[in-house]
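In what comes next, chain A is part of two complexes: it sits with chain B in the first one and with chain C in the second one.
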Partner chain A sequence: MVNLEELKKEAAQILKEGKVKYIIGFQRSSNGLLPVPAFIKKPEDVEKLVWDPACVHNLTLFLQDDKNKKTKEKEPDERPVGIVVKGCDSRAINVLLQEEFIKRDDVYILGISCENTGVLDEKKLAKKLKGKKAKKAEFGEKDDFVITTEDGKIKIEAQEVLSERCLECKAHFPVIYDVLIGEKTKRNVEDPFKSLEKTESLPAEERWKFWKEQIEKCIRCYACRSVCPMCYCDECVADTISFVVTPDTPAEEKAQKIKWLEKSPVSSENFVYHFVRAIHLSGRCIDCGECERVCPLDIPVRFLNKKLEKEAKELFDYEAGFDPDKPSLVSSFKDEDPEDFIK
Partner chain B sequence: MEKVLLKKDFPQWVKKLESYTIYSPQKEGDFWNYEVTKNSEIIDLDYLNTVLSPKKIVFPQREVLLEFSTSDEDELKVNEVLPEETQSIIFGVRPCDAKALTLTDKVFGGDIKDPYYWKRRNSTTLVGLTCNTPPSSNCFCISVDGSPHSKEGLDILMTDLGDKYYTESFTKKGDALLNLGKALFKTPTAKDKKDLEKIKADSKKKIKRQIKETAKIPPKLKDMFDSSFWDEESLSCIRCGICTYLCPTCHCFDMNDEVTSSSPIQGERVRTWDNCQFPDFTMHSSGHNPRPDKASRLRQRILHKFQYFVELYKNYQCTGCGRCISKCPVGIDIIEVLEKARDHGS
Partner chain C sequence: MAEEFEPKIVAFLCKWCSSAGSDLAGVSRMEYPPNVIPITVMCSGSVSPLYIFSAFNKGADGVLVSGCHPGDCHYIKGNYYARRRIALVKKLLEYVGLEPERFQMSWVSAAEGVKYTQVIKDFVQELKPLGPQKKLRRTQ
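Take a look at the complex of A and B:
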């Protein structure tokens, strides 16, 4: 079992020693079941840290803020950021290292094992509780969660309310860390691409209909982009100003900037946005599933990434985020790479 | 006009309104949203609040303002495109969302009346529903001068009394709808009135969340523009647009020319929702961005709602629907931010 005290002790220690400038972890929210990101600077504040099955966020996203802040400061604090990561989140760190977005010395990784379960899906839990409001979720003794509601505590089999990404997880404990809290466990996931079966088995027209309906719901709030630790471009083609404009950019150049897609939330533009997003993540997505969790309209955007993850595995035997020293999928080439899909 | 309508007669009333385009909350998977409703049987008024507010009907996310084209002689032609005059009804509007429209009315109804907005607004009848129990665990309307049974902005307010709806009409538009179903509506009895009062009184007590001493917040915010408070509060913000797009009172928009053909030139000038949380919202053409980070953007969202709007229109630009709290990916809670601001440095 993960011992939270162990995490707090380690966190307090590295803050006291000045080993890290601050720690990004999880803390209880004032309201609601899901803990929220915590940015802890003082050793005495480590008491705020929590770890429970509702710690869904992938905190590696906030490494972008740290990097941006550093580039703006004259004398930036070069010490690493302490960061609490689950297995999937740790794979994101590997991708960021592989792409040289961060250096290994930029992070002090407090890895947490999901042991035999993972994090829960708030919507699945809400259905299970039939209207009762969950206040707190805890790991149970054995592959179950203990949920506190207004009427007391109940035990629920983890499998029933686990988020989809956890059911297909390939890393139940961090693959890169400075300290590991909890145990290295091995869980057999029979088919990491099982959730794709339903859409893959549909005939092309029906699949098109399915996606058209889903994509047309999009209101372009860009939460799926904003929450992704890999979406770190200075500027995104989805924004109306494409590519960086500075006070020195001549007017003619500004006038010639290409507008890749319109702001109108119509099917054609929404498709461009979602496809660009998915393709930019191929060979990079580590399936933390945050894009899908945050979508206010419940668009199953994770499937798009998952499909490309499957292609990368089947065609190139490539899996993102396991080895930061390996060349990335899109920047490497081998003679034996298949090419029969190029038509 | 005050009447009662038996629940079993509700579909029949809706049938009599067939000359109108009807919107009602529809369940889509795990959430509710307003959709055009063809069949009166499927109006279900036992719903949680919708993901998007009825603002999307009166002020659609995409609106064509004009069409332009050039002729063979290179002559530019411009056609104004006004929305069609369609009489519509929105059923099941929550009092917070109706009040939100009255706030947007102020914005689009100043010295220059926005013709696109008002065409839709004037041809829409809002039929509200009292929130006997809060439709979201983050409802806080009573803290921002609202109430779960407020009639503000509504043409009709229906209140669920078990087997019937107590139906109050406040406007001519509302009376017209009741008259179309005249035979179905009965005069309320003394007991109905008593039940109504009790339900309305209880509805307020069931709201769990509140901002304490809201009135102290606007003057406080005035001195907090340069505070590091915003850096702290925005640490976990991910810069997405959920809070503002889902907000029933946010009304900022962008205008773009969408060219569909370059030779001959053809296209449309389109107005779309815009969002103060996005980097390009305040980007100047020089490349300078006066709101360069998430701290300044969170500050803008809060100050607009609880300082600037209050100064301009004597109202909070927030009706306490709780959408921004429930749907924030990282749990940023406007109630908490406002209470912290109220107590800041004191």
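Take a look at the complex of A and C:
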């Protein structure tokens, strides 16, 4: 069982000692069920910190803001940022370290183990509660969740409302941390790519129909891009849309600013955007599932990443986020990489 | 009589091998289908997946990426990187339901003019029964 008091004590301690600038964690929100990110600067504020099965966010996203802020400041505070991470989030830190986006000294990692459970899926929970509004979720005694609703508390088996990614998670505990809260438990995952089965087993034409229907829905709000801790490019190909060509535009500028895809949210352009997103995250996506959660149109964008994760594992025996010292998937190769598809 | 469908192929050829191979086919007066739009790139490893998506988006019926044989890369290992990346792109395109025949990769050296013509002939033959590529093509 994860002891929240332990986390609070540790957080207060490092803030008091001035080891960290601030701590990014979770706090209660007015929304009810889902906690929101908390930025805690004072030791007395650590009481705000919470840890429950609704802590779905991947807080490593905010390391981007911290880095951006640091580059703009004249005399930046070089102390690390304290950050609360789950197993999946810790792998994101590993990828960021691998890419040298951040340095190890930039973060003080407060790792929390999900132990035998994980985080819940809001949609699954809503279905389970049949319209009743959940106010709060807590970890139960025995691999279950205690959900508080208007009518009182209900116990629900964790397996029933766990998000898909947690059911397929390979490491339920942080793989990199300064302090670990909770135990490193090993849970057997039969098939880490089980959710893909449904789409993969379809014949090609059906698969196309499925994806066309899904991708067509996209309104290009770029929420999936904004929420991704790995999407930190200064300039995105999807943004070349702001480029205006006039008769005075020099040829050189036109050549440099290619309009790869149109702004209009039509199927063909959406496909290019989602392909680029998926391929850019190949070997980097750690499956935190945030892109799918934030999608206002419920497009299963996670599948595209998951598919490439599967191929990386099967073709190249590569898993993202476990070793920050290894070269990344597309910046390395082996002599025995498959080439049966090449003529 | 309805005209036979002529597929449009965009071929990314590496400057050092495949492009020279296509040149050899040309200067040797070998015959092969005129369906290819060759684009010379510095290395097959420099072909960004975006080029491929963009080619399909702008109406290519098939895309070919061709480079030096493993071990022959002018930049020592560019084609090894390409091999990995292209494999991922191919899997992704197949996953969303694009016909696997539409996207191919080949190794063609500067001496293999005959192989180049063969690759193109085969490619065109495979594309003809599939008809125009409408799935990823821009509609407006």
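The rule we apply is simple: the second predicted complex is superposed on the first by the 324 of 343 C-alpha atoms of A that agree within 3 Å, B and C clash if a C-alpha of one lies under 4 Å from a C-alpha of the other, contacts with A are read in each partner's own complex, and residues count from 1 in each chain.
By our rule, contacts are C-beta pairs under 8 Å (C-beta built on N, C-alpha and C of every residue); 3 or more make two chains touch, one makes a residue touch a chain.
Just so you know, these numbers come straight off a predicted model, no measurement behind them.
In the superposition on chain A, A:39 makes contact with chain B only, not with chain C.
Legend: residue contacts after superposition of the two complexes on their common chain; A:264 is shown touching both chain B and chain C. Legend: residue contacts after superposition of the two complexes on their common chain; A:130 is shown touching neither chain B nor chain C. Touch criterion not met for A:186: it reaches neither chain B nor chain C.
By the document's definition of touching, of the two partners only chain B reaches A:246; chain C does not. Using the contact criterion defined above for the overlaid structures, shared-chain residue A:209 touches chain C, although it does not reach chain B. Contacts of A:74 after superposition: neither chain B nor chain C is touched. In the superposed model, A:308 lies in contact with chain C only, and not with chain B. On chain A, the surface touched by chain B in one complex and the surface touched by chain C in the other have residues 262, 264, 266 in common. Across the complex, chain C is touched by residues 199-200, 204-212, 215, 237, 260-262, 264, 266-269, 271-272, 275-276, 278-279, 282, 304, 307-308, 311-312, 315-316, 329-331, 333, 335, 337-339, 341-343 of chain A. Within the complex formed with chain A, the chain C residues making contact are 49-50, 53-54, 57, 70, 77, 80-81, 83-85, 87-99, 104-107, 119, 122, 135-140. Residues 29-32, 34, 36-37, 39, 57, 61-62, 65, 123, 126-127, 133, 217, 219-223, 225-227, 235, 239-241, 244-249, 254, 262-266, 290, 293-294, 296-298 of chain A are the ones that touch chain B when the two sit in their complex. For chain B in complex with chain A, the touching residues are 28-31, 51-52, 61-62, 137-138, 209, 235-236, 238-242, 245-246, 254, 256, 258, 270, 272-275, 278-280, 283, 285-288, 325, 327, 329-333, 335-336.
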